[in-house]
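There are two complexes below, and they share chain A, which is joined by chain B in the first and by chain C in the second.
This part shows the complex of A and B:
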């Protein structure tokens, strides 16, 4: 009998401990570049801070984060997220590109509007106002900005020097591009000269990404194209701009500046040749800088090697005096509609929007901060040097059918580069394809 | 030397040549896992214990711990093998020994199911798992894997039971044993080589299974080793040393199984009733 009393007393004594609930919040994040792991680590730090605050407040619950960081590729990640959404077992927090995924997922009802929560927390007030546009769909906020970036045109300074450019001229190049004095045609001419003089191997005058992505929209814009009509909310395809872009690609391939099989899907080859110092001009992203630094040229001096050999500028204009562009594809944290703890998930996001965490991610992964206070906090040379590009940045339109538009344009690019069709034929193929898949959602000009 | 074929040295050379690519692959795996850099099959630089950091660090690049993946893989393989052996041996005994309506069409249906490649059923299985609430759970994938492998198991075990002579079972039945006792005490011990064979096949096939967990498990806490390893195959920069070390770690249990279980595995080909 005495045993039972002791047991009962023990149970009573332990009750307060067990009364404290642990709420598990699941969060999925992706790089796919390794250095972007702070997208997950920052959430973990935010949960730690939240728990510390809950302890002080004497709250009866604590939060446990079950996080996941994907380093494989976007396709398998998005497939995984979609399966999870459809089966109702989606994580509470999902990180992905704001545009057009917010449009797509909000339309499907997978993610929840969190505008009320956002207005409740002061930390969000410091977010760059333009970034809210990227996470807003049909007037409602569906996510919180995680980071942003710019996509520069990099150039190899060593190769330019070999070509006979002076240090001053090389240093001047980004300014010339910004003013519209150095155009895509000048780039082509420079690369052709480098090929003739044997400074570069055939096909290595200009590199762009090896597979589909937001960049093709950016280059189409660089050649004067518009992709979206805000008045009607429809996508736009500008045939004249596309023809200019495709014609340039054709000229570049014919001149031996651009590889015929540049779209080989092989990122490894892209990074290898670029960091071996073989490529004269190459379009990439600011995050590539962090990848090259910490992985590809780590043994050769890391960032100082990069500063010594690479320069960066905006994507040039297509005509003299034109406006150069770049593209930002802001990442966002979203809260899934199936989550049982939406308010708590939003609270965690408010704890992530802190300048120190924002800075840690920006510096570590080569992305640009989302908070205005962060800019003054970071002493990072690269971040400061690329920040001006945001004045020229463009976003992907928040249209749920944008992937179809992009696939059609990409098909045109790949057909022109591989030499299957002429630029004119490619334009009409793309226009037909867009009309077929997008129907009344696209205006062909 | 009556046991050796004529021209045996020539055969040896042929066998060696055929095995060479596989051997080279394994050698590459071992060297890459141990050294900093490997050019072809020549190790460069120093020994690289950091390739094995996944064993000691809780998580490598945001992945779950390898021990979680190892536990999941072990549970997955063991559960699939147990289920398969249990169900297949009972089903095979019934098919082999009992008469019931539609027995032949039933056998044919099992064979048809075996002919279906698992990949073609993925979407349908997804909907079923979702309906049952088993999507993204280890139990769900265990059930799917076991049921897809069952047809082969049933046919294999049926063959073993068919070969058993009726006499012993008849004797037991005459002595008053129930059907269950006959199955459990008389028939099953006699097909032990079959059980071992099926169990081993099921274990190995589940250990190496990739496409089912890859499709039906989406959260990292239920990852098996195959998914853990796949996460190192990236878009661009691949740490081959780390990946080879994980690969070796993944292959080790299978290797040990063969090393210590060889004697029993070879037994598969003997056995049965003497006499």
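This part shows the complex of A and C:
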């Protein structure tokens, strides 16, 4: 009889433990660059902190994070996310580029508006106010900013020195670009000179990314183009600006400064040639700095090698005195509308928006912080040095049909570079293509 | 009624499979191609009739993609069938203990996972000091972007040739020995024997390999996707099926157009059917399915 009592007491004592629920939250994140793993690690840290708090509060549940970090590429990742959305098996939290994916996914109804949750948590108040624009679609907040960046024009200091530039002149270059004194044409002339003097090999005067991406929109802007008309909410294609951009590309290819097959889809080749010190000017992202440091020049001194050999500036203006640009493509965490734990997912996001985690990601991956407090926390030299670029930054317009606009522009770029059409023909190809695919959603100027 | 029961029982399972996995997808694709289904309209697609087809044929670069497809299928097919035949003949002419290992060697590209296989190609074609081809030729170039078609056709051909090789080898082995003896008695040279005895007996396998490979080349794009992704430059090696894939399942910015992709796939189905009928015609299919004149 006594045994029964003991057993009953034991069961009663253990009940709270067994009654404690575990809620599993699934989160999918992507770099694709390796150092950006903190996009996932920070979520894990946030869940740990949340669980610690839940334990103190004596809550009857704990959170388990089933996370995934993708290092393949955007294309397969977005396909995976899309198929998950469509089959109703999407993770609770998805990280992706705020624009235009928030526009696309919100239009499709895959992600939930979380404005109410955002206003509930104080941690979000410290986010740079402009970043909320990037996650807002049709007046509603659909995500929380995860990081941002800038896309600099890098230059190889060693090659410039070989070309006869003094240290002072090299150090002055970013300032000259900022003031609009060093334009795309000056870049071309410098690279041509380097080619003639044998400082660089053919085609390695200027490198841009090897495949489609938001940067082409940025260069179109650098040549004076606008992509969006806020008044009508429609996309815009400025033929004159596109012609300036395409003409420059054509001149660069003809001069032997730019490879005619630069769009070879091969990132490895891009990084290899750049970090082998063969390329004079190259447009990249701030996160490339972290990639080069930890993957490409690790054995040669890491970051100190980079400081010694590479410099960075804004993307130049196209005319003297013009305004240089860069583009930021902020990342955002979004909550799936199919999630059963939307409030909890948003709570985790509030726990991620902490300066220490923000700083850890920014420093580790070469991105820029999203919290104002972080900026004062970090002593990182690179982040401090590139921060001024945010004053010149632009975003991608949050239009669900932006992908079609981008694809058409990219078609034009690839047609001009490969020499298949003239810049004038390419402009009309792009305009026709945009009219065909975007119909009344584009204004051709 | 009973009369039909046995054939029905025999044909039923296969017909059901064909209906489920071949016929239904075709109908589904056709239906999809009449809608504007895309990422943004997935929850509420609307019927757009022939709009996708109109869009497709209004694309000024359709010609280039069609020409690429013809080039890819034609040249790869020629390599596959020609090389397959050559390999089958050569390995059948030499003693078996020489022929078998040689054939096994040619199967290697087929048993390698495509991604690994393509990595090897990319490595071989890279610039010096990594690239084997650059090292051997003494000219450091990225051969994949320099000669993309050669790379695409050879990478596919090395995989495809082994298919013809196996089919042709077994067909050659099935030819009755007596025919070779008779040819030898008549004083035929090796080349004459091949031309007058072997090739005519291979008409059926050649039709099969050609038709099968044409259809599979029309729809397969994984090696091109991995090698060049349709590049370099402006639709350099973009073929029809890859273009459909790019439109329907792949988009850097995340808005994919299933309706348009389905329309492209539907066009591919039509091309496939037309090509198959053409083959049946030129190989005189009716004659091939009549009772054999010799016992095989």
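Everything that follows uses one rule, which is that the second predicted complex is superposed on the first by the 432 of 445 C-alpha atoms of A that agree within 3 Å, B and C clash if a C-alpha of one lies under 4 Å from a C-alpha of the other, contacts with A are read in each partner's own complex, and residues count from 1 in each chain.
Just so we're on the same page, a residue touches a chain if its C-beta (ideal position, glycine included) is under 8 Å from a C-beta of that chain, and two chains touch if they have at least 3 such contacts.
These numbers were taken from a predicted model, which means no experiment stands behind them.
In this superposed model built on chain A, chain B and chain C take up the same space, so to speak, and clash.
In the overlay built on the shared chain, the residue A:71 is in contact with chain B alone; chain C does not reach it. Of the two partner chains placed by superposition, only chain B is touched by A:267; chain C is not.
Here chain B and chain C are compared by how many residues of chain A each touches, and C touches more. In the superposition on chain A, contact of A:100 is made with chain C only, not with chain B.
Once the two complexes are overlaid on the shared chain, A:291 sits against chain B while remaining clear of chain C.
When the two structures are aligned on the shared chain, A:361 is found in touch with neither chain B nor chain C. In the superposition on chain A, contact is made by A:34 with chain B only, not with chain C. Of the two partner chains placed around the shared chain by superposition, chain B and chain C are both touched by A:86. Of the candidate stretches 3-11, 75-83 or 111-119 in chain C, only 3-11 runs into chain B once the two complexes are overlaid on chain A.
On chain A, the patch touched by chain B and the patch touched by chain C overlap at residues 86. The residues of chain A lying in touch with chain B in their complex are 26, 28-29, 32-34, 37, 40-41, 66-73, 80-81, 83-84, 86-89, 91, 267-268, 270-271, 291, 295-296.
Chain C contributes residues 39-43, 55, 58-61, 126-127, 142, 144-146, 228-229, 231-236, 249-256 to its touches with chain A in the complex.
The part of chain A that touches chain C in the complex is made up of residues 74-75, 78-79, 82, 85-86, 96, 100-101, 104-105, 107-109, 211-213, 260-261, 263-265, 269, 400-404, 406-407, 411, 414-415, 417-420, 429, 432, 436-437.
Those residues of chain B lying in contact with chain A across their complex are 61-63, 126, 129-130, 135-136, 215, 218-221, 230-231, 233-238.
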